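You will see subunit A twice below: alongside subunit B first, and alongside subunit C after that.
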Partner chain A sequence: MTRLNRLGARLTRGGALFSAAALLAVLVVYFIEQPLALSGFGIASLVNASLALVLVSMGQTCVLFAGGLDLSAGAIVSLVCCLASTMMGDSTGSILLTVLACLAAGTLAGAVNGLLIAYGRLEPLISTFCTLFIYGGLALTLRPQPGGHIADSFANALTGNLGVLPYGVLLLALMLLLVWLPVFRSRLGRFILAVGDSSDSAFASGLPVRPVRLATYALSGLFAAVAALFLAAETTSGDASIGNIYTLNSLAAAVLGGVALTGGRGSVAGAICGATVLSLILNLLSVLGVPAFWQDLIEGSLLLLVLSAAGIGRLRIDDWSRLLGRGRA
Partner chain B sequence: MSDAVPLPELPASPARQPLSARLQPVFPWLILLVVFAFSVAINPAFLTWSTIRLQLVQAALIGIAAIGETLAILIGHIDLSIPWTVTLTAILSANAFAAHQAGWVPFAVVLGVGTCVGLLNAAGIYWLRVHSLIWTLSVNLILQGITLVYTNASAAAAGVPPIARTLALGQWFGLPVAGLVWAACGACAIFALRATPFGRRVYAVGNNELAALLSGVPTARIYVGVYVASGLGAALLGLMASGYASQAYLGMGDGYLLPPVAAVVIGGTRLSGGRGGYVGTISGSLSVILLQAMLVSLNVSEGLRQIVFGAILLALVFLFARQR
Partner chain C sequence: MSDVLRASGLTKRYGGIVALQDVSLTLRAGEVHALLGANGAGKSTLVKILSGLVQPDEGTLELGGEPVRFASPRDAYRAGVATVHQELSLFTGLTVAQNVLIGRERRNRVGWIREDSSLAITRDLLAQLDVHDLSPEARAGDLPLAQQQLVEIAKAMSFDPRVLILDEPTSALGRTDVERLLRVVRRLQHDRGCAIVFISHRMDEIAAVTDQVTILRSGRRVGGMARAEFCPDRALELMLGDTPAHLERLRADPAAGAPLLQVRGLRLAGRLGGLDLDVRAGEVVGLAGLEGQGQKEALFALFGLFRHGLGGSVTVEGRDVRARTPRQAIASSFALIPDDRKTMGGLLGLGVKQNISLAVLERLCRLFVIDSRRERRLVEDLVGRLQIKCGSIEAPLSSLSGGNQQKVVAAKWLARGARIFLFCDPTRGVDAGAREVLYATIHDLAKSGCAILVYSTDINEFSVLCSRVLVLRGGRISGSLERAAITEENILALSFREAGQRQEAA
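The block that comes next holds the complex of A and B.
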């Protein structure tokens, strides 16, 4: 193994560790630049800035684990956000109803992806590319202009903080405890990873490959819906283009966190760290006073860098047959 | 080494192929016929020469970008970096021409931008093995960033070069120049795919990249060729689109993300690569433009237009491009 190869391998396989280190570095720079960020308010605003991407990336990670790809995650975020801003009234009953409807809508949108891919035998890439436009179009039909109404009590309940502990962290912990751990500590979780590692072997061993695939996309939809509810609370409005950036960024965050695009490998801790690093860097740019129009360039360069780092390990692999066999997601 | 060995010709046995496979080359033209019939039924103005000529010019714009998209999809990949290649070329060529009033300047910009974008795409997709969809989307984002930084996020000041207007709006013996440019580029693409080693190798890579590599196909050169061709097509589209709109503005390429892909898919080229060709894409481009014009004439909202577009693409993928 050459040094370059080892470096690449470490960057990808030890992705969780790598992104955790990067997270620490970014946080240090942040606190030097903005000492106020250490206050309860500062920490809450940091969490609020990154939570949506963290949640979408967790959903994306589910799908990546099974060897799939969800390009419609961003559009589901937009759709659910617009739905929430259209349905929500001020009474507690109405808020609860809206939240339930939004979670159901997101899961349904994800399940439709899953049905098309697992049972319709479509390529994940192209079918989620199509549903991206369908969900985006639905969001735009619900809300042609940004606006709508989000109840104050709902917004405060999600974006406030309890001492130094922001409610956003509680929401993340809730999603981990109620959704992620039950799924990935059960047989379903092992099936997901097995399908992602080799769907042929999984099928040959009698695993229910299709329902497992369907489940991962439904989970991705659910996570996107929770992210959308949080974004709606944060912006107190609905916007049909709010989710656009999350498709590409959630993929980049997962890759940054060491989740393999080819399936079966990675960790949720890595994905969470990767998403936090990515959104903190973007946040840091505005704190440092970088003009807004530089941000696309820096964000794009960052994405290319992350994707290249994941690819460097493959650059020197001698066994091309293995590379080509697994190169196609 | 095996470059000189002719590919073995498979015995033609049309009787053994299922009917649907034999009829496949006809499907895109059937779709075009149906879409055209629908649009005429909705609005008889679609039968007049002036409307047809307008549609032809717009289809030419899509069709030129779809050449590279067809190639990229034939090798089993995709190119989503077209939108901001278009915008960057349009703005850069307008500004460069304002600085140096020479006829070759816009073409130099097209060549430069197209080649650079193509090489960057090929580098990430071939050597780093990043999935083409993610890589080209990221390249698109970088190009957006470069354009915004270059223009300070304000619209381009200079007017477009006259050659851009000629290419997009000019007429030559009553025929639109854009259509002629499309015909010339399309003929080159069809010739390259059907009658040159490059074309054979594109299909070989798309069918089975490993087999192609092991039988001596220079896959790296094929990737570079395909993506540079795609970049050049998108850059040429940028020049023509600026002429068509008589101005170069930020975000002018945003409408060119989906239509070229849709044109290729409607044209019967398999998204998994290796099967299809540019002839189908020609009818696909015409169908896409007619469909758009039809939805516009129905006064459909932007959101509904996206839904219809996504649904039609999904239906076509479902019919033609299922796995296994």
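The block that comes next holds the complex of A and C.
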């Protein structure tokens, strides 16, 4: 291996560490600029600003682990958000029913992606790009204009504080304990990583490759649904365009956190750090008064930078090597 | 001893090519059964069928007297047939223990994987294999090839298989590792009563461990021997079969004088270890040897397909022309006719005309517009010269037969004025009739003063095509043969030769 190769490998493997360091640096800049943010309220609002992206990125990470890609994650966020604002009444029963329906809808939307890709053998890039528009269109049909109703009790339950601890952190902890850990401590999680590492080897090892692929997309849908419920609580309304930014940002956050776009490598801690860093940077840009059109430009450039850094190792590989094959069957 | 697995009448076709025809095989408990055959004889296909990777078109499998069908590798594993594939199938990002037990991890009551038990089981399996220098917690991708191979074998053993298939398990191993592996094979055979399928190109290993040998050639079973009657020379004879006698040998004499192409110390990191060769105008030089010994890499490297890790010098008529891109190689009159026409050679959806004129469009242009009359004339001339059979020159390349597709690719480079032709397994997937026409084309190219390098996985072709053959082994030239000495026996002898074991056959 060449030196550059090893550097690339170290960058990928040290992704979580790298993004944690970046997180610290961004936080320092943030608190210097905004000393008020150091208060309990300030911290809570920072957490709330990043939580939706953290959740969507965790779902995206599941898909990336298995070597896939979910471009429809943002649209699922919009769809579920609109569904919540349409269904929800004020009674506890209605709220519970809505939450369950939303989680089911998000998971189902993800499962449809999974079916298309795992069983319909479509390319993840193109099929989730199509469902991005389908789910986005459904969201617009449900709610052509932003609005709708979100119960106050529901909004307070998700966005409030327990002392200095925002409920958002508890929600994240809950998702880690109830979804992430059980999945990645069980065979399913091992299979997800194996399929992403080499789907041919996974097949030859007798693993259920297609159900595993399907599961990753369903998980992505579930995480997007939870993010959507949180956004609905935060804005106390439904908006069909609220999820738009999450598709690209969730990918960027995962890569920033050291999750490999080629599958099989990365960590959830890295993805969470990556998502937090990215939200803080975006937040910082608006706090610093950078005009909106500059924000888009800086964000796009930042993503390119992160993606190129992750690709350093690949520059040294000859694309032609795979064509050497093995000759006659 | 009882029959564990009985395969009868297995036939497998890929498109029009018969990879395996009516092959039967019986595996008995406690017996090591070797499969012998040259490249493309059907060993891999047979292994793929037994391991559930592909399904046979005809034929049946019986396991312990019961008929079985393996629709996927999963079925095969469940039935107790475990395979160590030739191309390693490890997950490089997972640890040794995670690899060994993938899919069969012990779990606690809530379904979480018990990592401690995985480690213990793996340690135990490795100890059974007499491997003590391998940590179950190491990442598989960080291990050297020989250790990865051992991990694969541990993985196969963790299924506690009734049938264990080892597809060239020793090809990547050094002497001591091979001996260790053979000890393991014997132990599995005696202690566990496994039926073992053992594939190797090394006769000494086969003589050392096997009880039964089945010999395959061109997808058919051509013979079998029990341990007592095993004779390497007889086995080689069966593997080779008869040469098509009616095919004429190349007669043209290479031009005298300095070689057209001169290669010195061509090196490619990890694949080629310093290759020297000269090709004169009018000469056809073959690159022979077992598959994957660097022949393809040498041709690809000359054509500029590798940018990294390349060393050595390449000169054409004394000019230094080592290429780093195909564009440079083409500019110094190289032409590559690759084995895989779909991905590298031609544009299947476009017409014969577009394919041939592709490399010379700038010469056909008048004021940036392609002069279609000149294009047509050029293409029709070449189609006639190479006797390309096509409905019309507008017919899409995909509608042509394999041999004619190859000729279209060659015509493209002829139009460009290429003088050094690199044929990479040109008759792969080409039927017998088209082969002969392709041979004639190669001879004609040589007569017209081109220098030609041919790599083929069909060992019979070299005697027909070449005036000189270089046999490669492990990225180096292990011997060279000329004219009458170019026989299958001599090539195979050089291919299979253990370093320093036999004198040069020439």
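The rule is short, and it goes like this: the second predicted complex is superposed on the first by the 306 of 329 C-alpha atoms of A that agree within 3 Å, B and C clash if a C-alpha of one lies under 4 Å from a C-alpha of the other, contacts with A are read in each partner's own complex, and residues count from 1 in each chain.
One rule holds for everything that comes next: a contact is a pair of C-beta atoms (placed from the backbone, for glycine too) under 8 Å apart; a residue touches a chain by one contact, two chains touch by 3 or more.
These figures come from a predicted structure and were not determined experimentally.
Engineer: Regarding the shared-chain residue A:Asp296, is it in contact with subunit B (first), subunit C (second), both, or neither?
Structural biologist: first
Engineer: So which one touches more of the residues on subunit A, subunit B or subunit C?
Structural biologist: On the superposition, B touches more of the residues of subunit A.
Engineer: I'd like to know which partner A:Leu231 touches here: subunit B for first, subunit C for second, both or neither.
Structural biologist: The answer is neither, since A:Leu231 touches no partner chain.
Engineer: A:Leu248 in the overlay: touching subunit B, subunit C, both, or neither? Say first, second, both or neither.
Structural biologist: first
Engineer: Considering only the touch criterion stated at the top, classify A:Leu222 as touching first (subunit B), second (subunit C), both, or neither.
Structural biologist: neither
Engineer: After lining up the shared chain so the two structures overlap, which partner does A:Asp197 touch, if you call subunit B first and subunit C second: first, second, both or neither?
Structural biologist: Once the two structures are laid over each other on A, A:Asp197 reaches subunit C alone.
Engineer: Where does A:Ala109 make contact in the superposed view: on subunit B (first), on subunit C (second), on both, or on neither?
Structural biologist: A:Ala109 contacts neither subunit B nor subunit C.
Engineer: Contact-wise, after the overlay, does A:Met88 reach subunit B, subunit C, both or neither (first, second, both, neither)?
Structural biologist: Neither subunit B nor subunit C is touched by A:Met88.
Engineer: Is A:Gly120 in contact with subunit B, with subunit C, with both, or with neither (first, second, both, neither)?
Structural biologist: A:Gly120 contacts subunit B only, not subunit C.
Engineer: After superposition on the shared chain, which partner residues are touched by A:Pro182: those of subunit B (first), subunit C (second), both, or neither?
Structural biologist: Only subunit C is touched by A:Pro182; subunit B is not.
Engineer: Common interface residues of subunit A with subunit B and subunit C?
Structural biologist: 320-321, 323-325, 327-329
Engineer: List the residues on subunit A that touch subunit B in their complex, please.
Structural biologist: 69, 71, 116, 120-123, 125-127, 129-134, 136-142, 144, 240, 248, 251-252, 261, 291-301, 303-304, 307-308, 310-312, 314-315, 320-321, 323-325, 327-329
Engineer: Across the complex, what residues on subunit C touch subunit A?
Structural biologist: 14, 19, 39-40, 44-45, 51, 53, 72-74, 76-78, 83, 85-87, 89-94, 98, 102-103, 105, 107, 110-113, 155, 291-292, 296-297, 300, 305-308, 338-340, 343-344, 425, 428, 457
Engineer: Which of the residues in subunit A come into contact with subunit C in the complex?
Structural biologist: Touching subunit C: residues 2, 182, 185-187, 190-191, 193-194, 197-198, 200-208, 264-265, 316-318, 320-321, 323-329 of subunit A.
Engineer: For a test of understanding, state which residues of subunit B touch subunit A in their complex under the given definition.
Structural biologist: 76, 78, 124, 127-131, 133-135, 137-139, 141-146, 148-149, 152-153, 209-210, 213, 258, 261, 271-272, 301-311, 313-314, 317-318, 321-324
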